[in-house]
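Common to both upcoming complexes is subunit A, partnered first by subunit B, then by subunit C.
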Partner chain A sequence: MTDLARASFEPVKFAAPGRRRAWLSVGAVIVFGHVLLAIVAPWLPLQPVAKQNSGAILQGPSAAHWLGTDNLGRDVLARTLFGGRPSIGLAVASVVLAAVLGFAIGMVASLAGGWVDEVLMRVNDVLLALPSLLVLLLVASFIGRDSGVLIATLALMYAPPIARLVRTASLNVLTRDFIVAARLRGASRRELVISEVLPNIRGVVLTEVAMQFTWILLAFSSLSFLGLGANPPTPEWGLMIAEGRGYMTIAPLPVVAPIVMLASLVLAVNSTVDRSSSDGTP
Partner chain B sequence: MIRLHDFSVRVIAQPDRLVLRSLHLEVPAGRRLGIVGESGCGKSTLLRALTGSCGRGLDVAGGTCEVAERDVFALAEPDRRALMGNVVALVPQGVALSLTPHLDIAAHFRDVYSLDADGAHDLHDRAAAMLTEVGLPGAAMVGRYPHELSGGEQQRVLIALGLARDPEVLLLDEPTSALDVGVAHDILSLIEEEHRRRGFTLVCVSHDLGVIDRIAEHVVVMNSGEIVEEGPRAQVTGSPEHPYTRRLLAAAPRLGQRHSSRSLDASSADTLVEVTRLTVVRSSSARRQLFGTPPRTTTAVNDMSLQIRRGEILGVIGESGSGKSTFLKTLCGLLAPTAGALRMAGTIDLGARTSDRPAEVLARVQMVFQNPDDSLNPAHTVRRILAPGRVGRKVAEAELVRLLQTVGLGAAFLERRPGQLSGGEKQRVAIARALAQRPELLLLDEVTSALDVTVQAEVLATLLQIHREMGTTMVFVSHDIAVVSSIADRIAVLRHGRLVELGDADAVIERPTDAYTTQLVTLARRG
Partner chain C sequence: MHRHRASTLFSAVVVAGLVTVATACAGGSSSASSGVLRVANDAGTGSASTMDPYDGNRFWPAINMVFDRLIGVDKDFTPIPELATKWESNADLTEWTLTLRDGVKFHDGSTFDSADAVYSIDRMIDPEFDSPVRAVLGIISKAEAIDATTLKLTLSAGEADLPVLLADYRALMTPEGSKDSVGKAPIGTGPFTMTTFDPEGTSKLTANPDYFLGAPKLASIEIPTIADSTSATQALAGGQVDLLLSTDAKSTALFADPAQFTVQRIPSGDWNAIDFRVDQKPFDDPRVRKALRIAVDRQALTDIVLGPDGGVPTCDSPVWSGDPYRWVGDCKQDIEGAKKLLADAGFPDGIDVEIFTSDVEDHMVDLVQAYQEQVKPAGIRVKLTMADASGYWDDVWMKEPAFVDSWGQRPAAQVLNEVFRSTATWNPTGQQDIELDAMLDEARSTADATQRNAKYQAIQQHMFENTAIFIPYHKTLVRVMRAKVKGIDPIVIDAVRWEKIEVG
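Then we have the complex of A and B:
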């Protein structure tokens, strides 16, 4: 008996489905909580984010400052809750743009084939090979740091993996007989893409887009950490980590709080995506 | 040698669902047992159970399963392995998936012989000897990789691997599915010869009554997890007692057993499509390359001329690589002819690709595909499949229901998705989708080859009814001469891209003029 034949005879144990769905909802609840907090932060009874207090710097948690204060005496809780707004907003905008761009490139490449496909994919490969943080640093240094430029650059740098996936997935679908049937009834290209291909690749593409969202989030926070993203005194997680790290031994909370927020959001998105993609349901 | 007593297997997740229901079966040593049944009847699960494993998500619900006087499910794992290694051998289904692509043939034998005390000692010689025994050039074959072998050769290698340790029981799962008729015939001869030589107990599972009829001396008929009939071959296939067996036998297509009404006077019918000296050259890679070597080309259809008459069912027979699919794809515009002409109704040029055909020409030629799982968009409902872009319009409702009724389905199917349909139902929906365009020419590419025999008979009957009622001209392509002869008015035989025979169905079956057709007919009569 061959390896494969024997392997297929091994008993397979199935994980209890209930437990894994619970994990999905935990991740989804955390993601939802993050988004909700970022949206309602201005209406919460918080201390002003930019108000400095030289009399109360680097304090521990107290009734007035639940998470203490940073090196300028600003309220860490308020800054942490506000800190998600620029990151999440910018990452969502960039990833939507990257998704549109990646979908368009991947779809055109797979539909056209031939030299169009070759050219698009080689350009794609070049973009994939560039270290995105380096490109972001150069763009932020020489072109500018306003959010429009950053969103455009992030979208361009994170579209290639989406384009590649869309191309592969749609090539898979395009060889199937129902596509031929659609061609035989005279379906237009738009109809082919929208109603025949898209419903069948939606799941994998959404998964990839969600993964790219976490990468963009981390990239923007890294950029802020390096001083080329958000401008002080804007509260932003990466910037907060950069500002607080010098005093970490005295007051760890100004660094720990944004790290916990960033890490929990990334982990929650990943686990939600992971769960839903292995479920087969978007 | 094999003894099942009140043996049941259930689905772990749904303990009430039994896949095998209290089976009783005794197979004496040396006997050739054939198990026949349709997909989902439990025949493959039974075969797996004989190796001491039920497979994914299943477990034993009760009873015993003894092989060589040992209850295989009561054995400890090392003992079970020893039994499987030395006494029982399984030749799995699906040749393409059963050999490991990155290992050469010798490595597959190393796996088998590693159980011996002397290990891989003189591995190559022993492997070569086994391969020679199954009719392959042994010494030349050991160093080759699975992808270098044809389907028939792969099947022979699998049989050689199964026989390598001289088992007392050989289990065969669908040994000839996916093989061309001639090759399948040779494989069955090989199995018979090996049985005569080695005298093992043979258990062969197949959906194909022809295979079982040929190879078994004792036949078991299974339906929904139960043994419905059991007995000597001549008795079961000659005078079946159970109604299910009778249905199965009646559904199996026989040469020259025509269902067609023959209303058409062939000589007076005018020509719908005129094919003149058609040649289609295909390149090995469908996608043009910017870099790299130019793709290899093969002439898939070579200088073919024929007429498709209005209102007839033209049967096209050929084995894989004969050009029959290429012919269909050219007719519907998926491929462009390299040379020659295709004219419809005298004026319309069918040489144009789909993208260049006007909408009304496109609609005239529709196609139904081989693989039911591939031909319907899994994301859409049947309603959307039949009426794309017209969803929600009330006018279409009655029309859609009528369309479904034409193919033997009802309004209840409109909201279902392909995942909720059986193979036969999928093919019916695919036929309805083609009919929705009101085609003059319906191309049917192996539409029944993925279906069970009883379902196949029903789909063929539906096609004939559509033909009677709507008069649609059909081109029915199949590798199975018996299926084609049961439905076609005329038969065309293709081989290596050339038309080798064309004539009235009866004439081709009764008095084939070409040597290849004669061979096909002879094999079909015997099987």
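Then we have the complex of A and C:
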């Protein structure tokens, strides 16, 4: 059992000093900054994201355009800051849905056991075996690319790892003495899950959910890069990279800026998760 | 100490070896560049490519190097002799007689004569083969060899501009009976013979010393395939190729140094459009259609989509600036006029329009993005819907209510009949304009050039009032080459004389 697992399967403890350290890490600050920028972007004194300028195409940084302009003369800074809104919003919605789905499937499988567990886990294995980007491409091509469709598909594709982890973690907890004691005192299944199991698997599950968030973020950006995610003229990081790559040698910033934002968010989430896991706190 | 000496000696040998190899490479490069022109080719139709000039998958960079037409075009697109030395028609323009050049040899040594010309034209107009050239020359109902150097063409209707249509870059002459071999082992009369045909790798051509217009100045031409346009641009910048036949106008900043590169901007007849199906509401109302077209600042839109100097605005006419029948209208942005037309049509609060597009070709997505911004003040709210590139021409084009279109350069007579005539197979909007059909019939069968020109002008003016096709611009092709490449005039590829090109 890893340190992470051992720490997380112990009955819940009060926060250790490490928790504060984790949430104050550089990664956490960057994640917070990203989320804050995505929320406040419409109120910042930026150029309109869709405003085109035929006299300022593929220009370098200037006082009017701090990060230059793209191939339609649009402000790269404004589009980069707005670019996090669709990606982060869609990734959060998808990962929340994936977490709910994964938790429900994992808990049902671990509590029910027997053929229910067998059926749920085999279906789970099938979903795990499917290449998620390929499924996303097929769905976007044949069903559509509305946000609802993409969120549902992403949640379905990224719930199985969470379900498997929840099942494994809860099976581990369910054999512990404090669970036996709770059962002896007549605790219902609902009480057992909410009061005993959930607090003890929260750490590993949140870690997994955070990891899945970064995968979903990258998957959606990849889909946009391939032309099947966000619709132009929406500012979205993957789409911005696709639109700017043809002119990268003349004007690199329309490509570099969204790459930096995407990479920094993914790295920051991963670093925060690593930090909080090694601190033994969720 | 000995070890150190040995090491030094070894290093010296290695350095000397490298210098020798580098010198050899430089020498090879220098010798290659003295007589070899390397032309970048995009992936085009990939492994399906063929050297059959009448096939839809023709390997376009090379067909005009290997084959010749009956009639060519000059720098100003005037028909000039190529394999035919003169031509004349009867009074009603339905019969044309062409005199062919005597003594012209194919690459295999056989003589080109009228039987080859009949064979070639029969293949172009064969309804079963359904060549794309048929859309241009389908008006020819019969080709006959009168004698070895006299060819008679009978048309189904009078066509004053047949010589212009015969100058289509695909209307090339192939040897009689060559249909099974021409695709992979082409035999033509052109300035270069194909020695290696590899459309996914590098195709190679060598000079034809017996070319009837004079031996080529180049020893050979190589055509490496570079699928990605960014890579092709880098290949030219890095000296791996000498010539990019076409690149994005916005990329020319890379080639700003005139000591290293020559950039040619060539007005062309290629155009993009947004088509509105007239059998779908609200586009069945001509007031809505006109509002959608006049709400745009065409110069600004052209500059945004194609870059500064990237194109020439047009008032919904597909007839380009180099065509003698070009109509120059006044189509300034008219927001108030558009609002009024929409209000009259029952849309006082503006209108919502969904336009389908795809990145199947350059500029198709940018066009809708620019259009979307331009028409906002008129209350036209555009929803851009991206369609899958792989099925765009089959599932979206001519099917959705509003969609982006793309056409290559065609002479006026051809493009007006091929796209706008009510009965045309490729009439993308389904518009049935009987008055326009009659005007087209009258124009093409008018023998007097001045009267014919006036009729074509009237046709385009009529179209501007009624059409369902918004055509904002004709593209300016940007051709870039290393400065050492000489002899390529700034004219469309159809008119380039490959035998006159040299590499310094």
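We take it that the second predicted complex is superposed on the first by the 258 of 282 C-alpha atoms of A that agree within 3 Å, B and C clash if a C-alpha of one lies under 4 Å from a C-alpha of the other, contacts with A are read in each partner's own complex, and residues count from 1 in each chain.
The rule we apply is simple: a contact is a pair of C-beta atoms (placed from the backbone, for glycine too) under 8 Å apart; a residue touches a chain by one contact, two chains touch by 3 or more.
Given the structure is predicted, the values throughout are model-derived calculations rather than measurements.
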Applying the document's definition of touch, where does A:Leu72 land relative to subunit B and subunit C: first, second, both, or neither? second
First, second, both or neither for A:Pro199, with subunit B first and subunit C second: first
If we overlay the two complexes on their shared chain A, which of subunit B and subunit C does A:Ile57 touch? Say first, second, both or neither. second
Quick one: is A:Gly227 in contact with subunit B, with subunit C, with both, or with neither? Answer first, second, both or neither. second
Please tell me which partner, subunit B or subunit C, touches more residues of subunit A. B
Pick one for A:Ile250: touches subunit B only (first), subunit C only (second), both, or neither. second
Based on the A-chain superposition described above, do subunit B and subunit C contact any of the same residues on subunit A, and if so which? none
Please output the residues of subunit C touching subunit A within their complex, sorted ascending. 229-230, 233-234, 237, 248, 250-251, 253-254, 300, 303-305, 307-308, 359, 365-366, 368-370, 372-373, 384-386, 388-389
Under the touch definition given earlier, write down the residues of subunit B that touch subunit A in their complex. 12-13, 48, 51, 53-57, 84, 89-90, 92, 97-100, 103, 108, 111-112, 158, 161-162, 287-291, 332-334, 354-355, 357, 359, 362-363, 365-367, 369-371, 374-380, 384-385, 388-389, 430, 433-434, 436-437
Contacting residues of subunit A [partner subunit B, same complex]: 1-5, 8-12, 14, 113-115, 117-119, 176-178, 180-187, 191, 195-196, 199-200
Which residues of subunit A touch subunit C once you look at their complex with the stated criterion? 50-55, 57-58, 71-73, 141, 145, 227-228, 231-233, 245-250
